[in-house]
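Before anything else, here is the set of structures, which you'll find just below.
Two complexes, one shared chain (chain A), two partners (chain B, chain C).
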Partner chain A sequence: MISPSQLDVDRDKGDFHYDTDYAFDAGIGLSEDVVRYISEVKKEDPWMLDFRLKALSTFEKKPMPTHWATDDLKNINFDVIRYYLSKGQQPSRTWDEVPDDIKNTFERLGIPEQERKFLAGVEAQFDSEAAYSNMKEDLAKEGVIFVGSTEGLKEHPEIFRKWFGKVIPTSDNKFSALNSAVFSGGSFIYIPPGVKLAQPLQAYFRINAENFGQFERTLIIADEGSEVMYMEGCTAPKFETSTLHSAVVELVALKGAKIQYVTVQNWSNNVFNLVTKRAIAEEEAEVRWIDCNIGSRLTMKYPGVILKGRKARGEVVSIALANDGQHQDTGAKMVHAADETTSNVVSKSISIGDGRSSYRGLVQMPGHLKGCKNNTECDALLINNKSQTDTYPAITVQGDANSVQHEASVSKVSAEQIFYMKQRGLGEAEAMSLCVNGFVNDLIREFPMEYSVELKRLIDLEMEGSVG
Partner chain B sequence: MSQEILTSPVSMPPFSFDQPQTFELFAEGRSWEPGWLADYRKECWEQFSNLPKRVLKDERWRFSPRARFGLTKIDGLANAKESLLIESASTVDGISFDLLDRLILDQAHSISLLPKISGPNLGADDYSLLTGAFAETGFILRAQASARSDDPVIIEHREPEAGKIAFHHNLIELEAHAEVTLIEKFTAHPRNPGGHISNLLKVRLGEGARLNRVVLQECSQSSSLVQMENFIVGKNANLNTVSLHLGSGQSRIESKGVLQGEGANFDYGSVYLGRNDQLFDQRTIQVHEAPHCTSNLLCKNVLCNQSKSIFSGLIKVEEKAQHTDAYQTNRNLLLGSEGKADSLPGLEILANEVKCSHGATTSRIDPQDLFYLQSRGITSEKSEKLIALGFLNEPLMGINDKNSREWAMQCLESSFAS
Partner chain C sequence: MNSLKIDNLQASIDDKSILRGLSLEIPKGEVHAIMGPNGSGKSTLAKVLSGHPDYEVTGGTATLDDDSLLGLEPDEISRLGLFLAFQYPMEVPGVSIANFIRAALNARLKEGEKIKAVEYYKDLYAHMDDLGMDRKFTSRSLNDGFSGGEKKRCEILQMSMLSPKYAILDETDSGLDIDALRVVSDGVNRMRNPERGILVITHYQRLLDYIVPDYVHVMSEGKIVRTGGKELALELEDRGYDWIKQEAVAS
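Entry: the complex of A and B
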């Protein structure tokens, strides 16, 4: 088990905190009252309250998954977490409506200038509720819905209710049950048939209160033949005690649709990041999870695709970087449920200092299917002699008409490479950074341009002081 | 009704490992044994009795239909004299190859290592402890420093009759620079098949020692086999073990290789040919404790009909085991639409100066390969057999001893003929 000894890792962004006046605060700890309170504040229909209460009892019944997962989970104290707080504001339509102190926080993150220039719509999540939401008019005209989950539930119940909780049932795991009970925030996106968005949709998430867990719930539905890329990025200020982040993300790609979901996770080193992400891909649909985990104390995240329709395709591209006191437990799940479905998983991890990165995979191909293929590659790079890496795939194949291949390798940066670069005048740290960037370069190219620039910088930062 | 009970003859309660009398009766019959052995048996029995009765989710049994290894199917202990036989002993000075039951009285010191080495502990705790408690026999292979034999020693494990269980507790101890080749055969019961074998093997290789081991398992399709192996490999020692599993209805194979001394080498190969509804549940772990060690594991399975295989392997490299070279490969070939292969290849790496990789593949025969053979006049059935045979031959190529290698290949080939 890894102890979060060093919380003062040098990080030049997200390291600030503004006092926020929380208009709605459900108090500390989890109980039926808290769940009722959240539902009431959100003015939800009775079915949603029932759903939340059932989820709460499921959460209480489920044991911690420590029979396979790390014992660090036992350090989560559910009684000291705030499960809901909100500014009480409606998601804003224009930048001018966003309160000043929130604007300040985003200003520090450098979001507005960048995103307004490059991106189609921005929905920035500040604590539980969407603080800012702006969509270009032409998107709205095409019938694209891009709102917060609460708003989505209120204004588009006919679409929302049809898919909500269908991809990830409440009882999927302990943390999906927790999310189902107390969720707030997150995005709801609907892309009408045939609409292909040229530019990505983007939401920024922030945690801004001590002991406050974020439980966002995202639901994306891409109707027949549509295409969308969604980007989610996280930065969080430092806190003294542990916080919990437990999101549920459901994607539905209907016939021929394409969804790409991009995440850059950079929570501070005391956050438990326990996320359930899953997609359903119908006939000829394609879902890609592009995932990068740099921050958090413990991340457990295994994006999955259920390949439900013929010729559906699923892909997970993942980069994990575990520094001192961090455990990146990531992976992928590919459930083949139709003929000629294909899936691809490429995972690269880097462990620095006493950091630990794990890959957990699951591939299933039942016997009645034909022509299914899976390819999995996991590569791990170990920087220091205290670093750790693990690989735990689980592959089930039945019948003689499918094929699977899995490969994993572990290596370190070779002394010759470092020597070569030092000889040409680079410092050791610089040389190491270059090697690490080279190791993940082919995956970083999968990210949108702004992200890949940011990622390279983040990796450089993490590598500082790791050598020598 | 009440009359029926009155008139029924007085009989012993049915045999069960749930009842304390089972062990008490057994221990009473062996009161002549040395005290330390009796204590060891009792300790194993107590630990077994204290095992949690029902663990809902045990990762070590993931994917396994564990009920197929249930102890309730067993109705008695097998006759130890019949279940283990030496087929070929050693004539070389310094190498002794004998049976546990013959050594207990006169040469108890030669088996004193048995309680000191643990089993592989990869899940079958119940079988491992019961073997410690009830084993009346087992083979003991010991070689003094620099003793060397060119001819293999051969042991035969015989499947007991239906319902009975044979517990074998075996030990191999090679001192520095000794070299031995061992062949282990598992054979079916000729008349009344359906027995159970629980086989626990503990191996310790001293500095520079070399063990070549070949296992051929041809138990009946109605039998059960639980095989537990713990190999401790010392400095610069070399262990080469290849198993060929053709029989048994369900087999659970647990193998642990511990690279304890610098420069140790561990080569492990296994071949499994599954037919009908055979189950092959294999768990392996390669533990690198010392630097500069190499280990290589290759497991190949062919699955026909409704047969099922589970491969769960782990390479564990400890912090001080720098300059490790470790590989783990699992390849499954599915013939027919009902076979099933589960694969759990794992890595846990704590040292950074290592070369480690694992690979797992599951697929059918490439239709192009079949077409190629068919276009040359070979029937599709025969082509399939040829390709599967070629596929399974690879781990057998790793057998060090030439004669054993050829023999194993012949055994595999003739099993395909049937």
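Entry: the complex of A and C
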């Protein structure tokens, strides 16, 4: 087990940055030239440039989704963002080869240490590109692929191209289109049939530059009967201006495969975090999204599973914590497309100060299917009188051979509860932390041990000074 | 000195005066009982001494040994050594009894000190055995879905684990059947010793058959109007509170 002091990642820990010289810089603002520049730097084939340019035009045509989402989206100024920054290096296989400023960044975040302790492989992305990417040797021998998206496209085009953009089409939403136009970095993973990874793979996404947009693209394919757990962590320094993080993550679980995708995001409060995540689960495959959203100015993220094969299972377990000035707009999408598919959504949100958390859930079960089940539980905890929460379930169930269950609750930490706990000698922040940890306790157990320790600490830190 | 001393205490809530010059001293080693009709301010006294934020102290003093309690935060008062067993213990979902008590003990440690898990559980189990509590209770959420009796036992468990200098038991008998009353009273009696002062607040004499007090005080209209030995409780049981109220008015 790892003690909390070893995993000393907290809200301020990510608040530093190094002045870095970038060899490749696409400049400020978004245009066709920027897209061509990125594609050229990456020496991509014409089909990919074509894909990007089409995506750019889709992005430009699509309106901001403010008819259902928050007006805060209008405050994103696409003209002042830098879309690509890199030193131009290939991802190193050893930390010694990583440039000092980047290496120091990840050292401070504790990544190399975690790799030694409990990971099967690590990819560390610094702004637009991976600076480090390595995996245990025996996994490579078994045919496991774990590289950055650029490398994946170049070295394994036959697998990459087959699935890329198939789970989440470019036109899915404005931000998936943006990502498709300017994406860089992210992971490409392939697990061969029957290979079961005993330890997780981890990616760490780090924003270092101001006014920067990070657009990683992750594609994970778990072939028949294979199993993999992937964990991602994210941080950025606190800049005066806002930063954009807009990822697209596609998962493919072929027959009988299992994918667990764990996210612990700890963004600083100026990050717009607008992410599209979706999986396809074939027959008897299982996909679990385990998601913890802390920090950011606005997070919009609704991990989904398309349950395409008979008896496929999908699950979303999520914790969101919205502090002062933050809006966590999260949820889940479960699209049942085969008989006897099951899905489970458990979402818990905590709103502190004037923080707001929203839950949006979509469940679809067409009438021709039978034996499908969905269970959704969403619970909200409000800490202060100004705290907000709202729930928008969209459940479409047809036919009478399927079942859906939806439960929602809202509770508030009461002054009398806090008085009771203080009477036993606990300080106010500590009492709050205990209440909040108690609220999410059952979900925290779903995270790997190393992350659950960190999560509890993050929650404690969020509670400090949040009282009143 | 070695007492919980309240002198001419006045307190109000929402500008409504509740405590109107209450004086009382509980030296270590003694058990005092406060009885009185509903609305006389008994529970308010417990809350004011514990630093409840809803009440405003408008006059008087309250000291624990030599430390003034007034104006302190509830957690500071707790750490000075005052424990309040609540009439209605709050439910805290998801926080196990074991973790909660451990956190409370931790809050009393100096920087760098640590609770040893093995010894902690040994101690906790011993106290639970005394109170006839199933060990499975340690992992249950604090008071969450507990019966009235379970809640009160859990209060006494916390009290014995925290080992306060002074303890106030606010209507601990309410909601208890006779068996639970006996177990809870035994728990309190085990804590009687020369180093601890105990104040029992109750509406009924019944509890005082089990926790026999050294002194009984009668409270009315926000002050102590009569003090006597344990036989005073029996007299109140017999005659009710009205005669005392009338005497208080007459004087």
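The criterion applied here is as follows: the second predicted complex is superposed on the first by the 452 of 468 C-alpha atoms of A that agree within 3 Å, B and C clash if a C-alpha of one lies under 4 Å from a C-alpha of the other, contacts with A are read in each partner's own complex, and residues count from 1 in each chain.
Everything that follows uses one rule, which is that a residue touches a chain if its C-beta (ideal position, glycine included) is under 8 Å from a C-beta of that chain, and two chains touch if they have at least 3 such contacts.
Model, not experiment: these values are computed from the prediction.
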{"item": "Contacts of A:C435 with chain B and chain C, given as first, second, both or neither", "value": "second"}
{"item": "Partner chain(s) touched by A:D33 [first = chain B, second = chain C, both, neither]", "value": "neither"}
{"item": "Larger contact residue set on chain A - chain B or chain C", "value": "B"}
{"item": "Which superposed partner A:E416 touches (first chain B, second chain C, both, neither)", "value": "second"}
{"item": "Partner chain in contact with A:V404 - chain B first, chain C second, else both or neither", "value": "first"}
{"item": "Which of chain B and chain C A:R424 touches, first, second, both or neither", "value": "second"}
{"item": "Set intersection of chain A contacts, chain C complex versus chain B complex", "value": "411"}
{"item": "Of all residues in chain C, those that touch chain A in their complex", "value": "50-53, 73-75, 77-79, 83-84, 86, 89-95, 99-101, 103-104, 107-108, 141, 158, 162"}
{"item": "Touch list for chain A against partner chain B, complex", "value": "67-68, 367-368, 380, 382-412"}
{"item": "Interface residues, chain A side, partner chain C - complex", "value": "411, 414-417, 419-428, 430, 434-435, 437-442"}
{"item": "Residues on chain B engaged by chain A in the complex (per definition of touch)", "value": "57-59, 62-63, 319, 322, 332, 334-365"}
